[in-house]
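Each structure below appears as structure tokens.
Two complexes come next, and they have one chain in common, chain A, joined by chain B in the first and chain C in the second.
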Partner chain A sequence: MTEIELLSWARGPGLQIATIIFVAGVVIRVLEILLLGRKANLAEAKGGEMSSGLKTMITRTVPDRTTFKRSSVTIVSGYAFHIGLFVVCFLSAPHILFLKDIIGFGWPSAPTAVIDAFAVITIIAMLVTLVNRLTNRVMRYLTNFEDLLTWFVTFLPVITGYIAFHRIGMTAPTLLAVHILSVELLLVVFPFTKLMHAFTLFIARWYNGAISGYRGVAS
Partner chain B sequence: MSASIEKGINAFKRQVDSSVAAFFSSCVHCGLCSEACLFYTETGDPKRTPINKTEPLRRIWKSEFTLMGRLGKMVGLTKKVDDALLEEWQELVYDSCTLCGRCSMVCPVGNDIALMIRKTREGMAAAGQAPEGLIGATNRSVTIGSPMGVRWPALRAQIKHVEEDTGLKIPVDVEDVEYMLLLSSMEIMNFPEFIEAVAKIFAKAGVTWTISSEAFEATNSGIQIGVSDIAAELVQRIVDVADKLRVKTVISPECGHAYMAIRWDGPNLVGKPFNFKVRHILEVLDELRKDGRLKLSGKESQKLTYHDPCQISRRGGVIDEPRKLIDMFAEDFVEMPDGGKMNWCCGAGGGVSANERADEIRLKVFDRKKAQLEEIRPDGIISACSNCRIHLEDGLEEHNMDIPLLSLTETIAEHLAED
Partner chain C sequence: MKKDLLLKDGNPQQGNPLGGTLGESLRSQGVSRRSFMKFCATTASMMALPPSMIPMIANALENARRPSVIWLSFQECTGCTESLTRAHTSTVESLIFDAISLDYHHTLQAASGHAAEAAREVAMEENFGNYLLVVDGSIPLDNPGYSTIAGISNLDMLTESAKGAAAIVAVGTCATYGGIPHANPNPTGAVSVKDIIKDKPIINVPGCPPIPVVITGVLAHYLTFGAIPELDHIGRPKVFYGQSIHDRCYRRPFYDKGQFAETFDDEGAKKGWCLYKLGCKGPTTYNACATTKWNNGTSFPIESGHPCIGCSEPDFWDGGGFYKALSLPTEDLSKTAVYAAAGAAAAGVAVSALNRGKKNASNKIHIKTTIDDLTQE
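After this line comes the complex of A and B, so read on.
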């Protein structure tokens, strides 16, 4: 297989297969949660479930003061790499063009220098999260194979994207093919691991807010 | 597989619903919950990270309720739940958790970890893996009607003392009254002043009320140990009597878990809404305040703080009421750092105080409360839970800290205006 053929496969059938697995997997995972259902609360309510649930979906993004003080490394590195990932994924010009080809519409991109800076921030932040995971005694105790796998498959597209953009080492088509394949690996792994939190955290936060709000407590 | 572990696994399965599935699906092992838990912060033992306490329930969810888990189970790749695991987890699920719910407030993905641990206890108890102390308390609740073995004659004797001391009649088994007061065994045996305080306040406010000789116990060991059938039976006793006496409102006393049990879990345990309302005594007092039926005189000049009992504040929603009441008599009120819905637990709730095996760790984790108190150095601590009160007194004594513990209801009674 030539490098052009590899790139074509990655951009064509490879992407299709990965996308199908990703979409089907996410749908199955969300359904297997929601279809379980939950019993209605029979206690007299002191507040609303829906409004409180929706509120917690947003407010839980901000840590409370004491938690921030006690876990600042985890929180700052976590924020940095999540924001970095978002900016690099969805605001870089080549990504927007690529997505426009598939979904038919685009949006304004951030300047290259900004994307480059965020890519570096993301890489550093992800390395910090890995070191933190392996050295912080609670995280080290909790860490299992899946935590390392998901870190790896998330880190891979970031680093290969950075390398491809700066054309370090291999030729451009090969670098791009490797980058796209790494994204496909991420898509395939996503629905079957804790990466699903990107979707399910909104369900979890809603339940948390609803449970508390019903009792008249803002969570 | 032994019969008990089978029962346990079935109980775990019954606990999994869409909220639990969403919670487990969302955990990223960030470990933030550990720093919210006094059993971790004061011991530094990563095993005591809140989410780790739910491991048995997580394994069942994973292997029975997820596609990958079911596939894994077919090829023998899933982690098993067996007696050895549950035995190891007993100390984490029961001795190292008061169900205070602070972890549920900080989890960035929104997991209600306290609820997950509460559910984990259902499987543990069904598998016969609960601490002796809690089993004993639960058995006494079922057979005698009180976790501490307090029977009606003991309460009757206390009522008689109160009547002699106050000259007030304590209504017993009176029908068609506004309120039926429940009590915790702790109050009956250690703080009968609470009954006296309620009698004085209600007499001044012109409230009709009663105590039932058949169902007076407010606490619910069934919930603490995690046996819903027993918890439901204990709630049903109160429901039957409240319906028989046709009371409008049942009052939960100064006890955190009692409030959770009857106010929030009660109707769900018995499977239907109550015909009466349930209010915490602080809610009732605050209503009386709003209606102008609670008049106080004299102020406390000493520096006072309020210890929020977890099940009343964070898990129960009674946060503003005590502060408004305290404002009526306190000139120098100071909040604890993290006071209100983020307050740190005393360390003895959720069945920990009924579990002798946890005595050592219970006193160890008091260091968190000690640190909170050292920041504000109050002259007195007000609370509204007799279990918190007993444990705080224990902890303060252990550290030679001379800070008196005050019941909010009792303090209000002391300040009743003579008119």
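After this line comes the complex of A and C, so read on.
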């Protein structure tokens, strides 16, 4: 298999397979949660669930002071790499072009220097989260294989993208193919791991808020 | 040039019985010392050598015996030969032709048929072990009858001619990687020179066609140093194929700023913005176009407003469409996503029904704990 063949496979059949697994996996898992349903509540109560749920979706995004003090490294590095990932994924021109091809519309891109800087921030922040996880005793105790796997499959596209952009070590077609393949790995692993939080996070937050907003005893 | 792979006898020109040195030949054709030195300077800069090397090149070329060159053309379009011979007159390209003894070339020689084959055999015999074999075109393996010359199949001619060659230069993407004949579905079973010949040094000079000065630059390097240049992982001389088009492209600042032509006639195209979105393969293509340029240094395709199609890379013809941007999927992904989502929605509902069934079943067998249970012993 030549480099260009590898690249063509990654851009063609590889991407198809990964997309099918990703989309099907996410849809099934989200539906499974939503269709679980909630028992009809016959008791009339004070306090609305909806507004409290929506409020919590926003308030929980801002860490409170004590939590921040206790786990500042986790919070700062976590935010840094999530924001970095967002910029790198959704504001770089080749990525926007890719998304536009699928969803039908695009938006302006950021200059490569900006993307490059955010890629570096993301890489550093992700390394910090890993080191923190492995050196903090409590965190290490709580860490299981899935945590390391999800870290790894998230880190891979960022680092391969960075290397491909700077053409380090190998020739460009191989580097690009490896980058696309790493994204495919992420897509395949996504629905079956805690990476699903990207979709379930706000459902869960709303539910948390809804519970505390509800005043009264449910039937 | 320490990294060079020296050929077995170190000097391919030695023992060539055909005619005198290159210096003599040039003088007899009235080429002035000045234009000869200019040629040497161009060669040096092309090979990325310091100017201090120019006298050395001049000396080596002056005294080089004209090596015998046998040029074989297999499944090809003659574009490579056209590229070379249509190049500007009295330049490096034509000078280099004076520097070699081209003993066999279908398109350029006067003789034809068996007379031509006889000439090839004589040249091979007289220069056994020393001649340079140049090949353009791919070799069909499915059926030897697909391409023959004077009744000899391409495969036989190549293996026979390779035996006495000091080195082989595969010219064009067909000879180097199979090229267009090799493109899907490859009806003739076309392969490259390297797929067949394993025991000779092979220099790959890909391109569809290759830039003429790159072809002659490789020949000049061989003449000057009697060795083949340092090659990359797919056999290309690093001096010419060491950098990607994208890294040397003059439109690169636009790429970096995110300014792209969206169509061939929009404002961006008129302003000369980057052609990435129009399918440019510059980022994955290694060739000298952006620096050496074409037509005697006039311009190169991207300068004329057309994206690079990646012609110097293996399988460029099957690279997912010339006008499809590199980051795009080659197949229709939105359709796949919609079908996958629809199928999954059905599956999700089914799974939920199962879950509900389970929940109801466990509800049914659930026994309520009452205050009486606490008092029970």
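We adopt the following convention: the second predicted complex is superposed on the first by the 210 of 219 C-alpha atoms of A that agree within 3 Å, B and C clash if a C-alpha of one lies under 4 Å from a C-alpha of the other, contacts with A are read in each partner's own complex, and residues count from 1 in each chain.
FYI, a residue touches a chain if its C-beta (ideal position, glycine included) is under 8 Å from a C-beta of that chain, and two chains touch if they have at least 3 such contacts.
A quick note: this is a predicted structure, and the numbers were derived from the prediction, not measured.
J.: Once the shared chain is lined up, is A:G209 touching chain B (first), chain C (second), both, or neither of them?
T.: A:G209: touches chain B, not chain C.
J.: Which partner chains sit in contact with A:V27 here, chain B, chain C, both or neither? Use first/second/both/neither.
T.: second
J.: Identify the partner contact of A:T2: answer first if only chain B is touched, second if only chain C is, both if each is, neither if none is.
T.: In the superposition, A:T2 contacts chain C only.
J.: More residues of chain A in touch with chain C or with chain B?
T.: In the superposed model, B touches more residues of chain A.
J.: In the superposed arrangement, which partner chain does A:R167 touch: chain B (first), chain C (second), both, or neither?
T.: After superposition on chain A, A:R167 lies in contact with chain C alone.
J.: In the overlaid three-chain picture, which partner chain does A:T112 touch, first (chain B) or second (chain C), both, or neither?
T.: The second partner, chain C, only.
J.: Applying the touch criterion given at the start, work out whether A:I75 contacts chain B, chain C, both or neither, answering first, second, both or neither.
T.: Only chain B; A:I75 stays clear of chain C.
J.: Kindly classify A:G48 by the partners it touches after superposition: chain B alone (first), chain C alone (second), both, or neither?
T.: So A:G48 meets neither chain B nor chain C here.
J.: Would you check which partner chain A:L36 touches, where first means chain B only, second means chain C only, and both and neither mean what they say?
T.: Both chain B and chain C are touched by A:L36.
J.: Share the list of chain A residues that count as touching for chain B in one structure and for chain C in the other.
T.: 28-29, 32, 35-37
J.: Okay, in this complex, where on chain C does chain A touch?
T.: 177, 232-234, 244, 246-247, 255-258, 260, 276-277, 283-286, 310, 313-316, 318-320, 325-331, 333-334, 336-337, 340-341, 343-345, 347-349, 351-352, 355-356
J.: Sort out for me which residues of chain A touch chain C in the complex.
T.: 2-5, 7-8, 11-13, 15-16, 19-20, 23-32, 35-37, 93-95, 97-98, 101-104, 108-113, 167, 171-173, 176
J.: Contact residues on chain A for chain B in the complex?
T.: Touching chain B from chain A are residues 28-29, 32-39, 41-44, 46-47, 56-57, 60-61, 63-64, 66-67, 70-71, 74-75, 78, 133, 136-144, 147, 192, 194, 196-197, 200-201, 203-209, 211-212, 215-219.
J.: Provide the residue numbers of chain B that touch chain A in the complex, in ascending order.
T.: 16-23, 25-32, 34-36, 40-41, 44, 46-47, 49, 51-52, 65-68, 104-112, 115, 263-268, 271-274, 277-278, 313-317, 319, 337-338, 341-342
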